[in-house]
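Below, each structure is written out as structure tokens.
The following pair of complexes shares a single chain, chain A, combined with chain B in the former and chain C in the latter.
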Partner chain A sequence: MSGQPNVLEKVIAFVDERVGLKTLQAKMLNEPVPGGSRWAYIFGSVLLFIFIMQAVTGILLMFYYVPSADHAYASTQYIIHEVDYGWFLLSYHFWGSSAMVVMVFAHMSQVFLWGAYKSPREMIWLVGLALFGIVMAFGFTGYLLPWDQRAYWATTVGVEIMDKTPIVGDFMARFLKGGATPGQMTLSRFFVIHVMILPAMLMGLAGLHIFLFRKAGPAGPFQGTPAELKAKTDYFFPRQIWKDMVAMAAVFATICSLAFIEPVVLLEEATPDPGEYHPEPEWYFLFLFQLLRLKIFSGEFGQFLGAIAIPGAFMALLAALPFIDRSPERNIFKRPVALIGWIAVMAAILIFTVSAIINREFLD
Partner chain B sequence: MHQPRLKSKVRCTDREVGEITHVIVDPLSHDVSHIVVGGNGGGGRQIPMSEVQSVVDGLVQLRTASNALAQFPPLKREDYVTTHEVEIAHLEDHLHVESGEVLVPLPTLERNVPRRTFFMNLTHVIGALVALPLAFPVLKYLMKPMYSPFDNAWLKVGNVNRIKTDDVGMQFKYKKKVKEAFMPEAEVDKNVWILKASPAVLEEVYRGKDMEFRDQTGRLVWTNKKDVPYVVFSGKCPHLGCGYKWRKVPKLGKEIFLCPCHLSIYEPSGKVLDGPAPRPLDTLPIRVDAGGNVEIIDMEFKAGTKAQTRIV
Partner chain C sequence: MTDQPTQMSPVRLGLAVAWPAFWTGVPIKIALALLLLAMGQHPWEFPGLAFLLLLSIPVDIWAVGLSGRTVFLERLGVEPPASLGLTLWWQGAALYATYGSLACFLERQTIAGSQAVVGKILDLELLKAIPIAERISIELTAWGSVSAVVLLALTLGGLFLFGKLVQRQADSGSPTTAPYEARVHQWDLMRVPADQPLMLTVVMAVGVAMVLLLWAVMPVTTPHPHESYIKDEKKAAPILKPTEVLQKAERVLTQAETSVQALEAKAKTSKGKAPAATDKKAAAKAKKA
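Let's look at the complex of A and B:
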């Protein structure tokens, strides 16, 4: 140490003495990553980054957006066509939601393939599943807000699907819609859910997710002896953070490019007459949409099977996974059922999505 | 073997060399890997645990002679962080290097444990007293718009003179006034499909019986006579509520109703020909005056169910 501390150093020392910032920062950055940093571990940080950007762009959109049936469409059009850079912020928010879904799938796949949901990390996995549900709910509720035909029909069909839940379905659907058919009450409800309830839930659960993750420590790679892992171990900072930052920058550049290349364009204002519009949900719900076209999911029972029972059973299976799969083996190449299961699910989603897209041309 | 504790005396095979100044922990196994001995002759050397023969009553016995200690490297402090500056899960559960527990007295007023339990439970009771009386009002508050009475007003939708051919679906668009909660009255676009049915198709629709429409209380609102050739279908697909179209399908060699959402196909009579729909298209009340002007009652039915349940 040489010389007297300057004013800035004095201020930092003053604050640190009262808050303990340096210890806190050290704790946050000095987390040993067994086996060392990897590109495979970027997804959680990237999701946090995307969420923060969604919150920022979402708050900015609310400066002009009016959540009422007679102003929602006009105010959204105003954002797109009149407000400086409004088209960009709206398009960023739109593509950001897609990026969020892609990253959630990548994050869940990574955790699944690495066997990182296993003991003692069951709770992290369960909270993660709840966060997955929240991200999908964000996508669904946000879709209605521009109040164009695409918005109206995606909501109409989506809520009809919820209506198929046994016993509580009718109540749930009416509760969400605030009536028998979509209208002002639906818009108000979806708005509150999208801008208040879901963000609060997401922040709480994401905090819990990270807390539990820190409590259990990172799982590390699925193979290697303790000595090998120890030799390659580094701290979260700087190597992992560097990889995370590169990934965030790449995701940011991708979202910006998409917003430039494919900015959001609204259809006609929402109304119960679809005109020539063929209703379709956002791409990440397309596989479910296509599933319901299948003959085996026809009729009242078939529909319950395809829309509620199978997705519900799949989510229940994911939730039960760490409790069913108790073998400590984490190497994906020694877990054939898990590997084949993952490939099958991904292939099914891909096939149904592609066939939904192919189906489009037969409709015109 | 016990974990060596800070400040314990350290003995070599020949003599005592000082006391433990630092303990080094492996971040992955959470075991103590080295001790650092300071004081007379220890020289701040970093000694691996494999050199420790025993730990008894605060005395650490090494396997080495004191003159051999120089072979061990001195501690390079800058290569380490303290346990306060690093996040290692459950580290504290595995480390017992402090000599015994460090205690803080419980204040005298806090020494009555049952009373603490009582107050903990009391906070739950008060929480429940606040929340429970609110549950019902909040639920009713949110449920206000969920159920509203049916509107049985007749709406003009156009003139059937437009229809030139039998058994061809013609779309009639109309405006419907809606007054929702606090909102000013607004108009929404809706549509129905009207068919001038041939006797065969009419028979398929009505099956030889007049069709009755009722309100919530079961009161009869209207009866469609089975011999009136004009049939009106609600514009809402009974599968999941999309709007369907009238389409020529070359493969079938005929014209049908097709819903673009989940590809339900209906015959001109509304019967399901293919696709996932659970019931035929919904027939609505219709009346046609001598000039061909059509009026309907704009009803909606729950989609996706086999039974027809009116919701609007």
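Let's look at the complex of A and C:
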């Protein structure tokens, strides 16, 4: 055996000399994880994976989708019924968006419960909140694109809610609709926001999020002595990467399974007459939709309170959280207010979402 | 740092083994369920369900053994017995069959009972004025809270019983005298295969094979056609055979040539005869034109 490098090794050495591949690889993989790898840390990587898959399936769908009010519905039907594996790609993209919302909630919950938003990680938390908003905006804008009754009326309701925002609400609603009722301009604007603006924003902010995370380092477990954490401390590669990969495979298989069990089936083509259809937003906005059905939130002021003021105040509270909660204690079992608050919010979301589903029976 | 074995309550012990074991097995089971779905078999109906349950047995034995050995070494400071996974699996399966069935029955009864009671309370004249949206949420919160408390109690009961099974295994094991770091290192090594490149190659090959299998068995067009979508019935165009077309054209030309020749011969034989009345009219029409 000769000590001479082979062709591949020479190519790698050539690129490494110019790009610094080995330094980059070491920086990416040799991040110490205090207390060792954990399943609780998979959510960020899984979110990145889901976003990449959404981008891939979205690009493939764009080869056939026509973003015009005349052809959006027909081209989506064509994707479902005529394009090879089109039904699967569209259904994967649809369920992938739901998976992204679930994972964002899981990721934010993990960071909140682990107290990982505290100093020196306030910036990571704030950028994460902005990313949460972008994921929600992805869901809202993408929902209109198939141009069926569900899409049209969910958007109509959503834009009407947005209209109630003080100062900027009217402008935002007019800008998004581009006319008195949703039409070609609405579809064009939603399409551009969905495929151009939001992906660019998400990529930029996700990059910043990861950069800030690497700068501050992982927070590690919220309990355990320094000696115990040191005994278990490991590098990002291979244990955490292995866990991340298993979680990605499980999420991929779950999304595929959902695409098989409940594939996308369009309703009638969008018309300005709802007919028999009862407008409803996507499932992750259902809790808010049900909240607005309560008598306390009826009337102009009530709708503003339920749709804008309360969610806005909640988001402002989340943004201010690292600056209000300055105690260094991270153990969730020693932070009763945080634990009870999290349980209450999750229970409220669950109760109102299920209530909205039960409420469907009483609409006809 | 805990160099001494930790004393754990049966509930915590049961949770420490059952929770990671559940999540260890889930990805493999989902992948199997996905393949069944792609093949058009529902994993919750008979043939698919039986197949999935059968394949889950070795997965669960492995997963319970893996998480059990970790807890024994790291938390209890006990050398795990060789057949820990198998023993805990069959004992856990027996527990699930008996206690699990009972718990499911009790939970169902609780849901039905609490729904009936809450419904009756809200049907009282005093509360009939509550609007529908509020009523739904109140009803759901009331019976949901009762059912959640009962479910939590039953789950804790199940974990307690499973924890007792784990404790019995731990009591029969020999305590390890190794310090904490050494124990962590020991369970760490148990999780990592001796031949890592071989393991990675096998995992990669299985992954690639499963992805190929998925695409191979997946329907190309949607198995759920839209009721109002009318698919264009495309008629296949007849296949063009150039030799046959040329031969046919030649035959037509030959026939036309024969007909022309016959007409010319006829015209020659009728020369000199007086034209018929119709011929006169035709000649006049041609002149006008």
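Keep in mind that, in the parts below, the second predicted complex is superposed on the first by the 361 of 364 C-alpha atoms of A that agree within 3 Å, B and C clash if a C-alpha of one lies under 4 Å from a C-alpha of the other, contacts with A are read in each partner's own complex, and residues count from 1 in each chain.
Assume a contact is a pair of C-beta atoms (placed from the backbone, for glycine too) under 8 Å apart; a residue touches a chain by one contact, two chains touch by 3 or more.
Keep in mind that this is a model prediction, so the values were computed, not measured.
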(message) Quick check on the chain A-based superposition: chain B and chain C, clash or fit?
(response) fit
(request) Classify the contacts of A:P274 with the two partner chains as first (chain B alone), second (chain C alone), both, or neither. (result) first
(message) Just to be sure I read the superposition right, which of the two partners does A:W153 touch: chain B = first, chain C = second, or both, or neither?
(response) first
(request) Tell me which partner A:A320 touches in the superposition: chain B (first), chain C (second), both or neither. (result) neither
(message) Quick check for you: in the superposed arrangement, does A:G217 touch first (chain B), second (chain C), both or neither?
(response) first
(message) Output check: A:G299 vs chain B and chain C. Expected answer is one of first, second, both, neither. What do you get?
(response) first
(request) Have a look at where A:N359 lands relative to chain B and chain C in the superposition and call it first, second, both or neither. (result) both
(request) Please work out whether A:F289 is in contact with chain B alone, chain C alone, both, or neither, and reply first, second, both or neither. (result) first
(request) Answer with first, second, both or neither: which of chain B and chain C does A:A26 touch in the superposed model? (result) first
(message) Is A:T181 touching anything from chain B or chain C once the two structures are fitted on A? First, second, both or neither.
(response) first
(message) Can you report the least C-alpha distance between chain B and chain C in the superposed arrangement, rounded to whole Å?
(response) 8
(message) From the superposed pair, tell me which chain A residues show up as contacts to chain B and also as contacts to chain C.
(response) 293-295, 359
(message) For a test of understanding, state which residues of chain B touch chain A in their complex under the given definition.
(response) 26-29, 81, 84-90, 142-143, 145-148, 173, 176, 178, 180-181, 183-184, 186, 188-191, 235-236, 239-243, 260-263, 275-278, 300, 302-306, 311-312
(message) Please output the residues of chain A touching chain C within their complex, sorted ascending.
(response) 39, 77, 80-82, 84-88, 225, 227-228, 231-232, 246-247, 249-250, 253-254, 256-257, 260-261, 263, 265-266, 268, 290, 293-295, 351-352, 354-355, 358-359, 362
(message) Under the definition above, what is the set of chain A residues touching chain B in their complex?
(response) 23, 26-28, 30-32, 34, 68-70, 153, 156-157, 160-161, 163-164, 170-171, 174-175, 178-181, 183-185, 214-217, 226, 229-230, 233, 235, 271-275, 278-280, 289, 292-295, 297-300, 302-303, 359, 363
(request) Would you mind writing out the residues of chain C in touch with chain A in their complex? (result) 1-2, 20, 23, 26-27, 30-31, 33-34, 37-38, 131-134, 136-137, 140-141, 144, 180-181, 184, 207, 214, 218, 220-226, 228-229, 231
